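Note that the chains are named A, B, C and D in the order they appear, and that numbering of residues resets to 1 at the start of each chain.
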């Protein structure tokens, strides 16, 4: 067993040019896939924060008693897709409104009575808020509650933004698939072409009576090593580059809140660029080893048919 | 000429045809080879000598007919048993078929290892066969850096390295001077004395005359004659 | 000359497996590059529309005469980075404001006097608005104008969004470079490995006295053909896929305007997914031919050194 | 033996050494070859015959010393003039060096085309040389599907296809039966009669004895003897 490893490594060293080509190809492929995954995961996080900011406001009739309010809260909370329900008393609403219209506050400075209603602010949970129809459905359900006078859920343009974000997300998945398939092709193919140059060797070994395992095992081990090495180099390069860029472009984002768009808030302060999770990294590494193995398997099968 | 007792025939060839596309390379060949025979195959260029030897080693499939080696029918053998059957043969290819990217030592060690020699004995064995063919000084060279005759001698060394029961030698002295050819030929004769069956395809009529034995003459794919030539003294 | 072409094409046909590999590699590489370019160009267009929405508001002192207003307009228009300056009379502003606060319009229904000032709405031109500092600089310049009482240019979070968008844009460029270099490597390398299998042929031709041109020209022509073919296949696939996706995901976007964020508007209705321009497509095609040629050049140089 | 008039020497070799790393493949070789000479080079396996022929064709660089061919010093030749110099030679390689992916016809057409034959004459010329070596039936085959002797005959056909002034033949009959070998040999003699210079490296002492001529014997890289052998009748 150990001896097969030694043969595989000796092979790698003696065909160093071709093996370097294979390893670089794998490393670049891993870099492409993982860099794009990183880009996409972070873009997705930003999009998510964006949709997280969308709220449904439910305005109550004047004079709903407190007991009923907590009942309504529970009712809303039980609805499909609701993440959080917050009650906003009309006094709080007025304060908020004043803050919103800073420049033109002269307008309401001398109001004697608070004309605003009590309200609920409702946020949707993650998978639901990626589809505008869910907002519409939920809004309709809430409107059906007695004591709810009016429901507002952002303007229609938010729905359009969600639509566009979804299109980009879709395009991102499509690109990711494309990149994945293309790199599988590149890697499998490079290993194939590398083995192509060793077809003669394989043929001769078979003719002098070497067993299939004796011939193939070193190739498999070799391609697993190449896959692993390429994966590590690719991910390592990405990690170093990522930290370098993020380190140099440190975002100085404090905590802040956008209150000016009714029913919308963009809590960008929550956002931090993150690297691929250890699970994803491990998956990529295993994937690159698998693809190495696959390339080897395909080419050996092709040669041995002859 | 053909008895049907199986015992002392190591190779039996029944009505074998070989076609490459439309080309008839071998037509209705039949003969048997006894255990420990020294058989010559001769005939003009393109007669089918190499094709015949390749088929014995399963390097080419038989188009029609049967070949039985050591009781095993080659048309019926399972894939997994092919390597062990091939290890019964030591084969010297007409074009040597050395692995160009491995050293002379590695080329031979490959066979020694494949027949299951213990690891620590491999080195010794390889050295000894290289010495026998006079190539001990070139064990670290790559085949493309050897002269024609040197490559041929390495091919011979590889063929005998696994102590095979049957040696198939395809024109093993074509690139050798008379002296080196003599050495190789003595080597094959020695193996024969020690019990191996030797099948030798050659144009070198002088060698045949010197040794004597059964000579099969192929011509345009047909077995023309099979004669016993007495040993020249 | 014609004969060299014939030899090149005969070569391609007789090594059809290896040539198919080379063409597919080039096609996939072109697909990767151009799909990403398409994705990025469209994402960039969305980002641009976003930043296009940012406005600087300059509020005037009460009672500035009309003549002076047109002078100020011209002054602002001459400033660095200004794209458009629009005067908003206080009557217009009040109408806008009423529209904005729909739900709570009871607040201003019975105002007798318009408390709002006259204002200018200023938009920045394209390269300038990608950097938040330009907004700050311009705002300062405008504030320095006599008769301008106050300048507002969106909240700080817009700056942060621009910052994040810029980071993504940078990451996009970096990814694009990475993809470009990687695919150049893949293509050059595949062609190299394909020629590797013909090294013996080249060597023999030289030994029997064939001239360098006689040997090399068919290879060059072949790799140009491969590059062109791969480029056409890659771009063609992208074009078909793009039209399929865009056709099925038709955006039903009307014209609308977001007025609720002060000094900000997101005219997403202007947005339409566009394919790569003919210039870029032609560039990609030429690029793929060049890379094919390059791979050929590199491998021939390597072999001929031996 | 060496006169220094340049006129009738087509090849002049002065103190040539060839080293492969530490290995001395040729040591202080010097001799001249007259225009239209028929020269044999012989010697045991590994003596340096192939190395010497390769250097004449610029297939290997000279380590030390000078080779002058038709007035051109090989050490001083510019890269761009190498192909035209090589076209003066027709060379039969010991390992044939046929392009495995091109048909027999294409392999030969290559040379015919390279020497600048008019396009419409190429086909005729290739057919005619293939007929000369008895391979007209195999023009569409790929070299790996040919028998050893058939490949050797194609190699001979390619060497003579360009009507070269000098023929370098490295063991051109090693894989041929006596009859085919005789045909090839007659072919070379005919070229010689028509004015070509022929240098033939071989182990086949019978051929040498039959033809007669100058024989250079190499041994371990040194020129051992240079003798004129009278033609046997």
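As a convention for this text, a residue touches a chain if its C-beta (ideal position, glycine included) is under 8 Å from a C-beta of that chain, and two chains touch if they have at least 3 such contacts.
Worth saying up front: this structure is predicted, and the values here are computed from it rather than measured.
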* Asked: Can you list every chain in contact with both chain A and chain C?
  -> none
* What chains, if any, are shared contacts of chain A and chain D? -> B, C
* Which chain lies the greatest distance away from chain B when centres are computed from Cα atoms alone? -> C
* **Centre distance in Å when chain B and chain C are each reduced to the mean of their C-alpha atoms** => 68
* Structure fact -> Separation of the C-alpha centres, chain C versus chain D, in whole Å, is 64
* Asked: Where the CA atoms of chain B average out and where those of chain D average out, how many Å apart are those spots?
  -> 31
* Structure fact -> Among all residues of chain D, those touching at least two other chains are none
* Structure fact -> Multi-partner residues in chain A (2 or more other chains touched) are none
* To do: Could you tell me which shape the graph of touching chains takes: line, ring, star, complete or other?
  => ring
* Using the contact rule from the top, write out all pairs of chains that touch. => A-B, A-C, B-D, C-D
* Given the complex with chain B, which residues does chain D contribute to the contact? -> 20, 42-46, 49-51, 94-95, 145, 147-150, 152-153, 170-171, 174-181, 203, 205
* chain B-facing residues of chain A, complex -> 3, 14-15, 198, 200-201, 204-212, 214
* Touching residues on chain D, where the partner in the complex is chain C -> 57, 59, 80, 83-87, 89, 91, 93, 97-102, 110-111, 113-115, 119, 158, 162
* To do: Name, in rising order, each residue of chain C that touches chain A in their complex.
  => 21, 24-25, 28-29, 31-32, 35-36, 39, 42-43, 46, 59, 97, 103-104, 106-108, 111, 115-116, 150, 152, 155-157, 160-161, 163-164, 167-168, 170-172, 174-175, 178-179, 182, 185-186, 189-190, 192-194, 196-197, 241, 245, 249, 251, 253, 256, 258, 260-262, 266, 268, 271, 273
